[in-house]
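In the part that follows, the structures are each spelled out as structure tokens.
You will see two complexes here that share chain A, one where it goes with chain B and one where it goes with chain C.
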Partner chain A sequence: MRDTVMDMIPAQVATSAALLEARNLSFEAGGKRLIDGVSLTIREGSRTLIMGANGAGKSLILRLLHGLLPPSAGQVLWRGATPDHTARRAQSMVFQRPVMLRRSVLANLNFALSMHGIRGAQRATEAGRALDMAGLTDLARHPARVLSGGEQQRLALARALIGQPHLLFLDEPTSSLDPASTQMIESLIDAAHARGVTIVMVTHDMGQARRMGDEVIFLHAGQVAETGPIDQVLSHSRSEAARAWTEGRLYTNSTL
Partner chain B sequence: MFSFGDIMSEAFVLILNWDRNLSEIVALSLRVTLSAVFLSCLIGLPLGALVGAFRFPGRGILTVLLNALMGLPPVVVGLFVYLMLSASGPLGPLQLLYTPLAMIIAQTILVTPIVAALTKQVVEDLHGEYAEQFASMGLRAYDRIAALLWDARYSLMTVALAGFGRAVAEVGAVLIVGGNINHVTRVMTTTIALETSKGNLELALALGVLLLSIAVIVNAVVMALRASAVRAAYA
Partner chain C sequence: MLRRHLFSLAAGAALALGLAGSAQAQDQFIVVQSTTSTQNSGLFDHILPIFQDKTGIEVRVVAVGTGQAIKNAENGDGDVLFVHAKASEEKFVADGHGLKRSDVMYNDFILVGPPADPAGIAGTKDITAALTKVAETEAPFASRGDDSGTHKAELKLWKDAGVDAAAASGAWYRETGSGMGATLNTGTAMGAYVLTDRATWISFGNKGDYQISVEGDDRLFNQYGIILVNPEKHAGVKAEAGQAFIDWVLSAEGQQAIADYKIDGQQLFFPNAGG
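So, the complex of A and B:
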């Protein structure tokens, strides 16, 4: 029998309300079932990591939870109800490869603020604050697309946080960054979490997982192989898939 | 018997002795062409962006139609607009036939599919890059289209140029709906056709040189603007 995150999360987190739930979520493409009956709960204020080998369906589940893809079966619930426009506005996502608009750094932030209905003097204040937070004040007038990878990812994160989301999805935000840039991104995520933002992040990095996560959802072949507190999943894995992954072994079994 | 060199030199003399008649023809040509390109962009840019960025029933048919209409025969468009605007046509009471406005309408019909089809391609490519980010931000259709058109603005300058090229060189449709009336609807292309048929080759060639020069200058200015803007934005 598969665990659910609810079964495994620490007591202090278990008391908080469910922000997002996936119920028996499946996704098929090209005649293949890529996500197969995934159920999970993301609690308010938690830091949940989605881990697993390449092709396990981590990015896909993130997109399904965020509503970027429609599930083939099952449903996603936001505060117990079907997500509506306000749910989308309360969530944001940072992609593995940051998407920069063909505009300046400041214009990228201004665009996000305008889409949240923030204009005029308030927009200038908020944009200035976001630039400062991301350490990009000196680059405000630079075209966003010529920034380094780390700077682009910081801008993407600042832009994602600009609407003060309740839930932030991160799809391997530091996968191609150097240690200094990774550290800066992690501190921005930590700061957002400290302000009450719920974090759901895909990562391959076990060190980062221990630094950044409370609980782990470990996927294998589109299914939840194991869930639980970070130390338990990474150090005392109960599933063969998670154990093989943490030991650096290839695990090719397509079933759990 | 005439020599090409003699005609060419007389054509340049005509240009150098720039008269009011020549100004009138060139000004009307530019007015009609630029108005048609402006209207085509007003319709074609959002239409192309809509088809490029969204999936909806009939999108495939609309794409095929837009691509096919890029090759609309000008005389057919001229005939269609003529029938619509003639006294017995549905728009006859407006009395627009043989006016510059009729020429603008005909050219707009010719240029709009070009602008829309090329915009669709540009926006579709850009939307492929932006789609997930826009979806994540919960953008409404209007905001998506506005953002895509703004971010593709440098590429869309080339699209507008393609429309300008088609409009400024067009003769068949404007001849039918404009009638080539002196001081009223006479533009460069229709004058070239008329003067050639009359054997007044110096004036025809002079206008041909002017037409070519205008096309080259407009293209050069827009491309220079585009290049400097792209360099500034690294877009």
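So, the complex of A and C:
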């Protein structure tokens, strides 16, 4: 993958400024409190991993942070203020199971570009860059839905990066991929981070966590059980939940 | 005996006169099976008095979901079918329940949504792409789920997008099983996207801060058709009066009446008979 196509992602000076904050966030559904008083800070330029057992609320917290769901209580702040339309545009998300448009790979990218108001000759140029970045140039005319899992995830990532987001959410982007595809996706994420994109990723893979993250937010039963640098949380856990999970004793969001 | 005979003659005459009077009364109204959204738009309140003034024929509208309207007509309950589900209408005729289907007018559907726009689709004209994004983001979507023309149109759009929305029933895809106004009330309360006909949206009084997220895709155009229920299949069908109504709706005068109907200065239905 050529270095020049990285120009599509804006260079940013990484700072320790708070980019995204959750303040006492809660979410209830079906009479149950699924996220309970979560407060966290995502710093600009960081790579934050959200981890926890099944049912801990990892995907849910991602959706709340990205504004896909309204919280039952608490608030999410973007650069210290209530997120508006421009905040949404500055964020992007790759889902665990991305849904491709029922059209070609190129048409999927073109739609994403059109949603960002990019048309005409510029659209063709940007689409070409995105295809190149994702290694999908030879598959441009293929129906997106017949691509392999890894290829679809590369397309989803290219689509998410098209809007030059400042923050990229990823919900277990490699959970169903083989090692080779996983490695390709991780290198694309690394490249985006190198260009200044802040990363917030859900993963249950400890090896991936060590490769890809700086800080971990460990969730249990909808609450933050522990936060800290990767090595600290995974190797020297201070909370019972994180310790049980890393030792393989905690599989689901059950009572310890 | 003569008195009995005269009485019989008189009774017979009275009976005959009575029957003739009843026949005239029956011819003065027809029943049109149509849809709640068409009724709620106010179109019938505008055009039916014009037809009645001209012909003396009263039109009584039974407004239900499209699926129910078609079932009613299949059962012979009604003289004319006036709905907006072309494939179902054509099947109605092919199955012998109706004589002939004619295009009448079209309006359009729009997708309305919350200002937060969780699916990130506001402003696109591409409805299938928008619905794909709704599915991917699992943004709440409120469907009528009532076998109406609107519901059938919505299902077709999901199918065109290649998305099995019904599989998410109860999760992000919620079926209200009710009419357009009720579905809009439910949808806006839960922050869901809703596919609605434009007429109902314009006259909907509870919009809050909701906006039109997607409009203008020609796949959102909603074609109305009109059909006379087959009198050979159902003896009670008032074929002559029913056909008179159909002929008027399709005439220049009827088509102009449709075009003249406006809410807040906006034309809602675009006549296209014979188009």
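Note that in this section the second predicted complex is superposed on the first by the 235 of 256 C-alpha atoms of A that agree within 3 Å, B and C clash if a C-alpha of one lies under 4 Å from a C-alpha of the other, contacts with A are read in each partner's own complex, and residues count from 1 in each chain.
The definition used in the following text is that contacts are C-beta pairs under 8 Å (C-beta built on N, C-alpha and C of every residue); 3 or more make two chains touch, one makes a residue touch a chain.
All figures in this text were calculated on a predicted structure; none of them were measured in a lab.
Q: Could you classify chain B and chain C on chain A, in the superposed arrangement, as clash or fit?
A: Here chain B and chain C cannot both sit on chain A without a clash.
Q: Quick check on the superposed pair: does A:68 touch chain B, chain C, both, or neither? Answer first, second, both or neither.
A: The answer is both, since A:68 touches chain B and chain C.
Q: By the touch definition at the top of the document, which applies to A:79: first (chain B), second (chain C), both, or neither?
A: The answer is neither, since A:79 touches no partner chain.
Q: In the overlay, answer first, second, both or neither for which of chain B and chain C A:146 touches.
A: First partner only.
Q: Classify the contacts of A:115 with the two partner chains as first (chain B alone), second (chain C alone), both, or neither.
A: In the superposition, A:115 touches chain B and chain C alike.
Q: Have a look at where A:204 lands relative to chain B and chain C in the superposition and call it first, second, both or neither.
A: Once the two structures are laid over each other on A, A:204 reaches no partner at all.
Q: For A:99, using the defined touch cut-off, is the partner it touches chain B, chain C, both, or neither? Pick first, second, both or neither.
A: both
Q: Which holds for A:33: it touches chain B only (first), chain C only (second), both, or neither?
A: neither
Q: What is the shared patch of chain A, the residues that chain B and chain C both contact?
A: 63, 67-68, 85, 88, 93, 95, 99, 101-102, 111, 115, 145
Q: Inside the complex, what are the residues of chain A that reach chain B?
A: Contacts found on chain A: 63, 66-68, 85, 88-89, 91-93, 95, 99, 101-104, 111-112, 115, 143, 145-146.
Q: Quick check on the complex: what are the chain C residues that touch chain A?
A: It is residues 116-118, 120-121, 123-124, 126, 128-129, 132-133, 135-139, 160-163, 191 of chain C that touch chain A.
Q: Can you name the residues of chain B that touch chain A in the complex?
A: Touching chain A from chain B are residues 129-130, 132-133, 135-139, 143, 147, 151-152, 232-235.
Q: If you look only at chain A, which of its residues touch chain C in the complex?
A: 63, 67-70, 85, 88, 93, 95, 98-102, 111, 114-115, 145
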